[in-house]
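Look for chain A in each of the two complexes below; its partner is chain B in the first and chain C in the second.
Moving on, here comes the complex of A and B:
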């Protein structure tokens, strides 16, 4: 077996080890490399920034254990951003797995807020927990009549006892929607059930691999920018001037992505050498 | 026999068609308040039914695992782990979903396992990219170059190392990729409309568990 064949058939475990090192190193020893903010992230940030102070904002939290490391840091700074603007944040989820992560994001956001910002549970924010019903139909039921699908929030407090929910019962009561969809593929649910029927503008978040799926909605104006993956979260942290875990993880993405590119270039170089020798 | 068919086949089809049409019509034409209220009620039924379906799913899955354990089939010991995990988590969950022990399980087992499973994809993709992502012909080369540019654009340092990847990558994402996905969205939507028409007209009966009968009819 020639050396090229050996390199082409390298043990997968060596690639796994190299990737592990490429991802772990920048997390263990933070390296700050320059970064440019993407247009989608900038549009999403500016959309949130332009929401009138004190507005009601509907917030879908759809990040699970798998996607929270990517989306969680962005969710945290997004909640901080909204509460600093004195917005009333109404958080819900269409997946039972997401609910504790939403609460974790709220708790982490509250820790980042200065004492002069009002952030009282039930007054400035509420976690309504999980809406059953299997996705889009649950969203449809929820946004048309919140009280028809929910009686209490995540902590068991009846909705009618929550000051923030006074006079709020459908999507028309909100000025904007934040749709943190993770990898649920749920952003179109918000567009179909809220943006189009109620005319409420919306921005979203998804994992990096899902970003191209939603580019048609951005170009059509139905989605106001998009926070994509851990880089999107890092950019939000950067734009809000609130550095957090996403900036560190984005550096790991740098090294992991570079290794992927090197692997593809080397794999093709070895393949082309083999083909030039007439061995392929 | 006729009444049996009416209850098991025709009635569900008629109900599906009426409710489905009510939802569709309300979306396009302003309806009287009574119809809108009825639709809101019907939609809220869905959350209740899905909660029941969730319980049913857990029960059926548990029965299946219990049978596997009793018959010592295959990797039956994994079924014991499932049953033990279900019982312990359910007990703490019933006490309170804000219970310290429940959250301990969630934070220290569910979350890391979920994150680890998702993260493994990166390792498999990198290994697979090295082995099979080859410029074998013009189509594969186009895909390879596009993927390379888009990835270089997406990694934060990419724009610094290779500045031209940003405008080219943005163009790829905004035009060819967007056009492709738009086509997929339109195609899927037309397919859903077609499926809806078939379900409402009773031509599609698989959701009623009638695959065999349909084949017999045709």
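Moving on, here comes the complex of A and C:
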């Protein structure tokens, strides 16, 4: 068997091992590569920046155990950004698994805030927890009448006892929506149930693989920019001048991508060589 | 040891177990899978129970009798557990699917169709706009299967296919990047300086267990590529 045949038949476990090493290396030995902020992230950041100070902002948190490491850092700085603008942040989730991660993001955001920023639970922010009912139907019910689907927030405090929820009944009471959808594929729910019926502008976050799916919504103006995966989180950290874990993770992604590209190029080159030789 | 370190350690052990499936199916990976499934099922059950309790049962006990309907519908779902009563479970499912579909369709025409058409009506004053218009039209034309594949249409079809292939390539690249990010998320936690040494020890222990298993033939060696 020739070297080319051996390489084309390489055990996939060797590729996995190389990939693990390529991804772990920049984590163990941080390397900083140049990074340009993408237009989608910039638009999303500017959208948040332009929200009038003190506005009510509806926040869907959809990151799970798998996607929180990439979406979480961006979500944290997004909350910091909103609270610094004295916005009232109302957080909810339509997935059970996401609820503790939303609280984790809030707690981490509070740690990053300086003492002069008001960030009181129930006054400046509230975690409404889980909205049952299944996906888009739950969103529709929630945004049309919040109290019809919720009695209390994540900590069990009745909604009517929360100062932040005073006079807030449906989506029309919010100035903007942040849809941190993770890999749920839920951004269209927000567009269909909030942006179109209520006319409330929305920006979002999703995992890297979902970015192409939502590009048409950005072109049509239904989505104000998009934070895509760990790179989007890293760019948000950079734009808000709050460096965090996402920047380091984005560098590791570069190394993995480089190895993958080399593998794809070599695989195709070997295949073409074999074909040129008239081999199968 | 605080809760955060304990969480990182448990996460490290479980991640090593889950990733060991890459070597081939083995008892360590299976234990991890079962652990994850069991914990998640329990968590979902308790959270939903709490949600129903807070938002339906408590309201019912306060005299809001309308909430008896969702409670009955929820109970009807349990019909799924026995083949004899499976028909009962179909009614709440039909209602959920129907309501979900109706709610989605309500604004789908505006959100997913008219909005996208509007976004494609662009002035031909930049390369981006020209590419967007040609790409959209030719990609749609690719799916006109009622037209015979010849002449000008064949050329349009080829251009449409070209754009579709580029879109698939972008999606593939983004998917690969997403998978890396999933792994990186775990690696960052596993290689946290506070627990990295334990991660190395866990890897060594898992490797020894697997090596003994493969050596003695108790774990079958996966021979596929």
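The criterion applied here is as follows: the second predicted complex is superposed on the first by the 280 of 280 C-alpha atoms of A that agree within 3 Å, B and C clash if a C-alpha of one lies under 4 Å from a C-alpha of the other, contacts with A are read in each partner's own complex, and residues count from 1 in each chain.
In this text, a contact is a pair of C-beta atoms (placed from the backbone, for glycine too) under 8 Å apart; a residue touches a chain by one contact, two chains touch by 3 or more.
Note that the structure is a prediction, hence the values are computed from the model and not measured.
Judged by the touch definition given at the top, the superposed model places A:208 against both chain B and chain C.
In the superposed pair of complexes, A:31 makes contact with neither chain B nor chain C. Contact with chain C, but none with chain B, is seen for A:249 once the two complexes are overlaid on the shared chain. Shared-chain residue A:258: touches chain B; no touch with chain C.
Of the two partner chains, neither chain B nor chain C is touched by A:123. In the superposition on chain A, no contact is made by A:21 with either chain B or chain C. After overlaying the two complexes on the shared chain, residue contacts for A:267 are found with chain B alone; chain C is out of touch. Contacts of chain A with chain B, set against its contacts with chain C after fitting on chain A, overlap at residues 10, 12, 16, 19-20, 23, 66-69, 97, 99, 132, 134, 137, 140, 149, 188, 197, 208, 211-212, 216, 219, 228-229, 253, 256-257, 260. Touching chain A in their complex are the following residues of chain C: 22-23, 40, 43-44, 47-48, 51-52, 54-55, 58-59, 96, 99-100, 103-104, 106-108, 110-112, 115-116, 118-119, 132, 167, 170-171, 174-178, 180-189, 191, 225. Residue ranges of chain B in contact with chain A, taken from their complex: 27, 39-41, 43-44, 46-51, 54, 97-98, 103, 106-107, 110-115, 117-118, 122-123, 125-127, 129-131, 133-135, 144, 147-148, 151-152, 154-160, 166, 170, 173-174, 177-178, 181-182, 185.
Every residue of chain A that touches chain C in the complex is listed here, in rising order: 9-13, 16, 19-20, 23-24, 27-28, 66-70, 96-97, 99, 130, 132, 134-137, 140, 149-152, 156, 183, 188, 191-193, 195-197, 207-212, 216-217, 219-222, 228-230, 245, 248-249, 252-253, 256-257, 260.
By the touch rule above, chain A contacts chain B in their complex via residues 8, 10, 12, 15-16, 19-20, 23, 33-36, 39, 64-69, 97, 99-101, 131-134, 137-138, 140-141, 144-145, 148-149, 154-155, 188, 197, 208, 211-213, 215-216, 219, 228-229, 231, 234, 250-251, 253-254, 256-261, 263-264, 266-268, 271-272.
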